[in-house]
Every structure is written in structure tokens, then in C-alpha cells.
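Presented sequentially are two complexes of chain A, the first with chain B as partner and the second with chain C.
Coming up: the complex of A and B.
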């Protein structure tokens, strides 16, 4: 009985951890390429959730089917945000950069509330509803699909960064922009690409989360704090690091919550953040 | 947007201007969206205005509740002002014959669910809007800070919908509360469980506490522990979870492992929805889920969850089926529905009543000085028949607490909240135990 429950908790932690990882990879990618912390990343997630919601409400398209559209839409949002806001603050002082993305966060939240009302919404029937029973372990199918999606997207991103010409160019820009430019890589294009992909990752995460989580304008704030912990633990800029760190954070949160007490679960995760900053500030796989 | 940067990026002036204009428009749009609520500031002030400050969570996580509370408060003001004819039988706030045509003007403040913002808004409403009384703020922790400001300035604060018991234990001179508080509601739970044991012959002595960890959840937990000791109930599991969490797996697993006969849960809307989803995901159906109002009674709760919200039991101060008992409730609810497109719920009915009781006091005061209003509030004595709430009336004790309030217990059956306890005012029989998820 106890072993069964522990197994259940372990698997649940793994699932939510993979989802945290997916939210965090976009954030870490943007930071890795251009050293800008995107405070509006949670709002990209929120937009992804709303895109799924409206695809379902207006056109009866399931969030899972709509994923490619959600990804494309958020890619476009990311590029537009880069072109209209971020491009102007590339060389601005860090405070300006923080305030720009922070302001963007407030703007997007405000707009979502203005246009879509502050109501909590839920997508009532998705293709992936119901439960999966694996021996003693019972899991929500939406969570399983979301976790698998997270693995798929992170894997695809990794392949893109390490196995394609464009991805390598992006990596090169991340390592040394000047040198990359000298090699004929268009830095502006790479930055726009990073924002597009980063936002698309958040969009896909939103689409996957929308199958089981309530959707409301402030939903990003629930996830973004954990995403920052994941990014720090994984190492700023490291996609693989964020992936591993997401799983670790998910496991610590759920296992720790179960064993020590749910009232301490957030405290556990945030203590982890403090410990990482003190002991290994570059994170698991970060650049020094 | 420094010139050098723009130049370095090689952008044409016209395009830059266009983008600037677009950004300006977007920013303006955002500002309007965020602060549309405070636009009343600075408008001309007629002498026959009775300015009442109303503080609700109009943006932020609880904004959907705040919008309903606002509509209810506005309805109460319109009825008191005679803009809408008072329904037959309404006593509190049916009109203000002694105010010689003076009209109530509600000035809204938005606390965003944040106690500091609540205090700042109270300060703004008192000092720059010159309100003569305040009401709000739904969240107990915000009511605590906002009423502190009112106390400092000597302005009456009438709270209609915050149930933390401590609010009226602070010996405040200017604080009044119409709603029954948690002590009473939680006591009701245990009395109800005693009644249920007699009725069903089942043992309901083991309890799982599942409360959120802000002021409200903490106070509730303390009280539940005290009462279960007194009444010989056993606490099988006690969970205080972080509000606004992303997952509740660990919480629900612990409850599942403890498997109590009854779960007592206190959650705001987002958490209430997430917990129901998690119960279902993990296949956990307790025989009784006794919710502590708030998220479980929000209009959005059933709209969002649909059938998955069935059979939960909650405490209430109000239920639509009480209209069968009282035609006044029916007619006031019709006005609310015509105005805002939603029926009253326990929160909005209490917000309505708070403004109505305030209007009643101001009318009896015949003046708008804080002292006169406070004195009139102390002398309030509204009979049960004149209210839209199933109370014995409104009459404040020395601490400012309405001593005639009482609660009911409702259950979701066929998509509606129906009164199931006290058994003498129940309109439906209780469904017990709660059916398992796979047998629905």
C-alpha cells in the first residue's frame, strides 16, 4: 500500500516536472541567446492556453489537435514582441530590459482580462480526457499526454539546436554574437528566432496544460515562479539543464509535499533555489 | 528608446513613428483596461451625493467574483436611490425618505486581492474621494487592512462578506459586519455532522482538513481543530496547502492515504477547480466533501466544472431555492439577473445586503457625518422578513458583529445548489455518500 502510494506520488511528480520543464525551456532559450530575462513568459503560456480555449470554443478544435496552430501563433507573437519591444532595448541598461518585459507582462494580462473577462474557464471535453490505470498507479490522461508532449518538444528543440544548420547558428549567436556576425550569421534574425521559438514552447506548454488546468488571465503567475527556479537550477541558457531541472523540481515538490507536508512544498522548491544560488550559481549545466 | 539604439538598428523615421504610435495606443488601451475602475475620480461633486467607498477585488485572481459583488452593490444603491422600484417586502435599503432626495454614489476601489493595495485604496477613498462610509472587501485579509485605515480616520466600515472570526475581535470602534463569521459556520458543520450521524446511523467522526494557507484557511483550521476536540471528532489528516498552486497531487494523495469519512475544504475558486480535477484524476471520492463556501460557491465553479462539480456540500448564507420560501428573494434576484445576467449567490447577496444595511443606517441617521452613521448602525434592527438572506435579522452587538446571522448547508444536485440543512428549511434530501467518480 505504502509502496504503491510512493510510486504514484513519484510518477505524478515526474509528470508535473516534465510540464515545468517545457515551460522553462522557452525561458532559458531566450535568456541563453540574448541575456534577457523574459518576465512575460508566463503570459505567453497564458496566451497559449487561451488560443487552445478559443480554438475549442469557436471551432470545436481539440487543444491537442490545435497544438501546431498554437505553436505557430505564439511563434508569431514572439517575433512581433521581439520586433516591436525587445529590439529597442537590446543595448539598454538591464533595468530597462527588466521593466520592458515586466511591463509587457502587465499589458498582456490586462488585455486578456479586458477582452476575455477574468473568468476561470475550462475546456470541458478533450480527446485526452479520463484516466490511465497502470497497476497501482492512476494518472490523468491529460497529464500523461502533456508530459509526453513536453519530452517531444524538448527533444525536438535539442535536435534543432544541435543537429541543424539554423539551430547551430542560434547556438553560435548565443555563445558569441560578434563572432557569429563575422561568420555571416544575421544576429537580428537569430534573436527574432529565439523569441519565436521561446514563445512557441510556452504556447505548446499552454496548449497541453489547457487540457486539465483552469484558464484565466493570471494563470501565468502560477507557473512562472517555478519556471524561474527551474531555469536557475538547470543553468541559465541550458535547454538540457532546464529539462533535467524541471523533473527535479517536480519530484521535489510532489514528493516533498507528500512526505513532509503540502504546506512546505513551495518552501522546498524555493529553498532549492537559494541552495543552488549559494552552492552552484551557474546551475546544473549552465555556462560559467 | 534611445536614438543611438534606433539608429544602430537602421530603422526609418516614419516606421519608428508608426510603431511608437502603435505602442502608445496599446499602452493607452492597457491603462484603460487596468484602471477603468477609478475613472470616477475628479468628476463634479453634487451636494446631495452620499459617497460610499466600495473596495472589491476587481482585477486579479478573484476578479470574476469582484465583478459580481460590484453589480450587487450597484443594484442595492439603485434600489435605495429609488432608481429601481423597491420590491415588495424589502426593508433594508428600500429607500431613503429621510435623506431629502440625496442619492448614494458608490466609488469603487480595486484591491486586486492584495492587503496592501486594499489599505491604499481605503486611504484614497477616504482622503481624496471623501467617502462617508466604506464597504468591502471580500477577502478577510484585505478587509483587515482596509478597515484598519477606516478605523484610523474614524470612518464607518461595514463588511458584508468576509468571514474571518478575528475581524470583529479587534475592539474596533468603526467596524461592523453583517455576515455570520467562520466560528458560526464551522460550528454549523459539526452540528450538521451530528445531525447526519443521527439520520444515517453512520460514523462520521474522522475528518480530513484541507484548507488554503492564507489568513482565512489558517483561522478555519484552528477553529476546526478546537471544535473537533470539543465534540469528540478525530482529525485524520490536516493539510494547509499553498494558495494558487500548480498541482495538488501531493495534497490529494495524503487525503487518499488517510481516507477520512468527511473532508472539510476551504479553497478559493482556482484552487477549488484544480482540487476537483485532481480528485477525479486520482480516482479519489470521499464519502462527503464539506466545502467552506468561497470557490465552491462561486458562479464560475459549476459553469467551469459542469457535472464534475456535482454532490459537493457547502455552507452558504444563501441559496436560490430559498426563493421558494421567500418571494422577496425571488423578486430581488430577478432584478439582479436583469442587471448582470447572473443569479445571486451567497457572496453577491451579502454584498447587496451590506450596501442595503448601510443605506438603511444612513437614512435613519438623516445625515452623512461618520458619527451619525455609526450611531445609526449601532441602532440597526432589521427583521428577518425584510432581508434576502435566511437570517433572523440584522442587529449589531458591541463588537460590531451581526448577532442574528445564521448559515445553511447546500449540496450541488443537478447543477443547482439546493438547501439540505437545517432539515426544517431544506428543499431537497441530501445525497450521501457522494457517488464514486466511475459510478456517475
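Coming up: the complex of A and C.
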């Protein structure tokens, strides 16, 4: 009986961890390519959730079906943010860089609150309702689909970075910007691409969790913090590291919630951050 | 700057005139709501100046300063409730606890460079908020009320808003003086070296961690005093009112808007921020509409992109570019003491 419960807890942790990984992958990609932390990353996720919500509310399109559109939309948002704001602060002092994306975070939250009210919204009937029973383990179908989707997108990103010309160029820019420029890689284009992909990853993650998570303007704040822990644990800039760390963080969160109490699970995950910083500041697979 | 006289007489006169104006201002106002508005500005200004010591001078951006604010509020309130300690002593105790906390948390977090340090401070503030919300000892989400039966100067509880105005004005003056003293001392030069040229500073033998910790501790102490003051003024605290993320954001915003790393920039930032907040509230009915957030977020992005030194930097840039720059004597005395 206890073994069954343990298994249930572990599988739930794995599922949520895979989604954390997807959110963190975008954050770590942007950081890796241009040394800028996107404080508005959680807001990209929030926009992805609202995109799903409105696709459902206005056009009756299921969040899962809407995913490609959500991804495209958020890719566009990421590129627009890069072109309008980030491009101008690339050489600015670090303080300006922090304030720019931090201001963006507040702006997007404010706009969401202004246009869509601070209410919590839910998408009532999705294609992926109900439960799946796997032996002793019972899981929500939305969570399972979201986790599988997250694995798919993270895997696709990995393939893109390692197996395509464009992706390799992006990786090269992350490793050494100057050398990449000398090889004829257009740095500006790569930066815009990183923002597009990063935002799209967060948006897809938002679309995936919109099937089971309430949607509200400040929903990003929880995820950005956890994504940050994942990025630190995985090692700054490492996509593979973020994937592994996402799973670990998911497991710790759910296990901690189970053993200590659900109200402390976020605090536990955030304390992990301080422990990693003390014991292994470069994270699992970090370079620096 | 180090070669100049200790105090520039013109600047000193300007500062005294400003202070005298601030001291007389509340006597001309009878509406308690207006007076409260001024108190809110002074509170925001005090926190902004305190934040600026670590975020502006030393360049270590904290987005979790609510934790120090909350520590101040909870320490003085708990000491008052359990031991009957006067809030005047509780003030210092709150500051001391905040310093200990700053040292404990700063040590691991200062291993992080800029962006990630800022993120870590959010995480720390979040952890503390969760722990306090679930703490029975601190009455968790229910909050703590100050006893209403004690009033008068010894208990720092007053029926009128006026004494609060003068207390927070005094605290603001102390905070500005501390910031000013740091700005002029060798510590201030180390802070700026850490901010602008960390590698060079390290090569010259400046201990980065030690000076970052000093900056954070001083800032934490003063922010905690602001928190204790808030508790005395409101007579009620809970995690949502003294430890919330929104408070951390507000503290940072005040300094960023007005001018990071400038002595009086945060004061200007506080005037702008609180005014926007109050007017968007009266214009759009409620705080839930998010309009104040949109306005000041747009302002921060503009400041970050076009003028990293804030509104104050923008003003001094403008003056420099005007023909016969700095010709307006009335404004010039006030802003001349601030370097972008």
C-alpha cells in the first residue's frame, strides 16, 4: 500500500517536473545565448495560457489543438519583445538589463489585469479530461498529456540545437559570440531567434497546463521562480541540464509536499536553490 | 569629488530649504487623507533610499527587499506584544535581526552574478513569506494586531497622522544622511568599483563579498526600520501587507524610476510612483484594473532603454543639453547635488 502511494507520488512529481523543464529550457536558452535573464518569462507562460483560454472561449478550439497557434503567437511575441526592447539594451549596464525585463514583467501582468481582469479562469471541458489508471497509479489525463507534450517539445528543441544548421549556429553563438560572428553567423538574428524560441517554449508550457491549472494575470510568478531553481540546478545555459533538473525539482516538490505538507513545497524547492549555490554553484551540467 | 569641501554651502542650503519645506508642509494640510498621502510618499522614499545603498551604489539588485521590511515589522511587533518592549527599541531590534538575516542570506547569494542574484533575492523573500504564513508563532495568515489601549509617544501610537509624518520624515532624513555618508566615504568608492569594475576592484584587493555584505546589511537595517514604522502606523501586519512580492517590487521601482545610485533620486521616484498609484486609483476606481502597473512599467522600460540613471538622470541630461545649461537657479540647487 505504501509502495503504491510512493509510486503515485513519484509519477506525479515526474509529470510536473517535465513541465517545469519546458518552462526552464526557454529561460536557460535565452541566458545561454545572450547572458540576459528574462524576468518576464513567467508572463510568456501566462500569455500562452490566455491564448489557449481565448481560443477556447471565442472559437471553441481545444487548448491541445490550439498548441501550434499558441507556439507561433508566443514566438512572435518573443521576437517583438527582442526587437523593441532587448535589442536596445544589449550593451547597456546590467542594471538596465534587469530593469528592462523586470519592467516587461510588470507591464504584461498589468495589461493582462487591465484587459482580462484579475479573476481566476478555468477552461471547463477539454479533450483531455478524466483520469488514466496505470496499475496502482491513477493520474489525471491532462497532466499526462501535458508532460508528454513537454517531453516532445524539449526533445524537438534538443534536436534542433544539435542536429540542424540553424540550431548549431544558435549553440555556437551561446558558446562564443565573437567567434560565431567571425564565422558569418548573424548575432542579431540568433538573439531574436533565441527570444522567439524561448517565448514559444514558455507559451506551449502555458497551453499545456491551461487544461488543468487556473489562468490569472499573476500565474507566471510561481513558475518563473521554479524555472529559476531549475536553471540554477541544471547549470546556466544547459538545455540538457534544465531537462534533468526539471525532473528533480518536480520530484522534490511533490515528495516534499507529501512528506512535509503541501504548504511548504514551494519553500522547499526554493531552498534547494540556496543549497545548490552553496554546494555546487555551477549546477549539474554548467560550464562556468 | 574627494577634493571639494566637506559640505558645499549651496547644496547644504538647498537641502535645508527642502527639509524646512517638508517640515512646514503638513501644517498647511488639514485633510487626513492628504496627510496620509504625504506619509506614503515619505515611506516609499525612505525604502527607496535604503534600497539604493545596495541596489544603486553597490549595483546588487535586490528584488526581495520585502523580506527586510517584514522582518522589521514582525520583530518590533512581536517584541511589543510579548515583552511589552517599546517600539523605539523594537526599531533597533528589527534592524539588528534584518542585518543578521542579510548576512546569512547574502553570503551564498553573492556568489551569483547580477541577474541571478536578483532572482535569488526573490526566492528568499518568497521562502520567508511562505514560512511566516504557515507559522503559528507569528499567527500565520491571520496577522498580528497592536494593542489599541497603549497610545502616546512612548508606545509610538498616535491618534493623529501628524506625529507619524514627523517620525517618517526623521527616518527619511537619517536614511538619506547614511546614504550620503556612504557616498562620500571610501566605502562608497568601493561600492561603485564593485558595481562598475568588479574584476579591477578584486585585483586591487577589495573584498567583493565583504563590501557587498556591508551594503546589504546597511540597506537591510534601514529597510527594517521602515517596516517597523509601517507596523506602528497601521497597527496591524500580516504576510500579505509586509512580506508580499509587490512590496519588494515597489521598493525597487521607487529607486529605479527616480534614479539608481543617486542620493535623492529615490525621493523623486517615490513622489512619482505614489502619485501615479493614488491618481490611477481615483481615476479608474480600483487598484484591480492594473493601470498603475502599466504606467510605471512603461516608465521603467523607457528609463532602462533610454536613461539608465532614471528620471533624475534624464532631467540632468536635459539641462546639460539646453543652451546655457543649469541656468535655472531654483531647480539647479536641488538637483546639482545629485550625480548621475
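One rule holds for everything that comes next: the second predicted complex is superposed on the first by the 286 of 288 C-alpha atoms of A that agree within 3 Å, B and C clash if a C-alpha of one lies under 4 Å from a C-alpha of the other, contacts with A are read in each partner's own complex, and residues count from 1 in each chain.
We take it that a residue touches a chain if its C-beta (ideal position, glycine included) is under 8 Å from a C-beta of that chain, and two chains touch if they have at least 3 such contacts.
Predicted, not measured: the structure shown is a model, and the values here were computed from it.
In the overlay built on the shared chain, the residue A:62 is in contact with neither chain B nor chain C. When both complexes are overlaid on chain A, the residue A:110 reaches chain B and chain C alike. Residue contacts after overlaying the shared chain place A:171 against neither chain B nor chain C.
In the superposition on chain A, A:263 makes contact with both chain B and chain C.
By the touch criterion defined above, A:102 lies against chain C but remains apart from chain B after alignment on the C-alpha atoms of chain A. Within the superposed three-chain model, A:254 lies in touch with chain B and out of touch with chain C [touch as defined at top]. In the overlay built on the shared chain, the residue A:94 is in contact with chain C alone; chain B does not reach it. Applying the stated contact rule after C-alpha superposition, one finds that A:273 touches chain C and leaves chain B untouched. The residues of chain A shared by its contacts with chain B and with chain C are 85, 88-89, 92, 106-107, 110-111, 113-114, 117-118, 217, 221, 261, 263, 266. Chain A makes touch with chain B in their complex at residues 5, 8-9, 12-13, 16, 20, 84-85, 87-92, 106-107, 110-111, 113-114, 117-122, 124, 131, 138-140, 143, 188, 212-214, 216-218, 221-223, 226, 253-258, 261-263, 265-266.
If you check the complex, the residues on chain B that touch chain A are 1-2, 4-6, 8-9, 19, 22-23, 26-27, 29-30, 32-34, 59-61, 63-64, 66-67, 213, 239-242, 244-251, 253-254, 256-257, 269-270, 273-274, 277, 280-283, 300, 303-306. Within the complex formed with chain C, the residues of chain A that make contact are 31, 35-37, 39, 85, 88-89, 92-100, 102-107, 109-114, 117-118, 217, 221, 225, 228-229, 232, 236, 261, 263-264, 266-267, 270-271, 273-274, 277-278, 281. Residues 55, 59, 61, 63, 105, 108-109, 111-112, 114-116, 118-120, 122-124, 126-127, 130-131, 133-134, 245, 249, 252, 256, 260, 288-294, 296-301, 303-305, 308 of chain C are the ones touching chain A in the complex.
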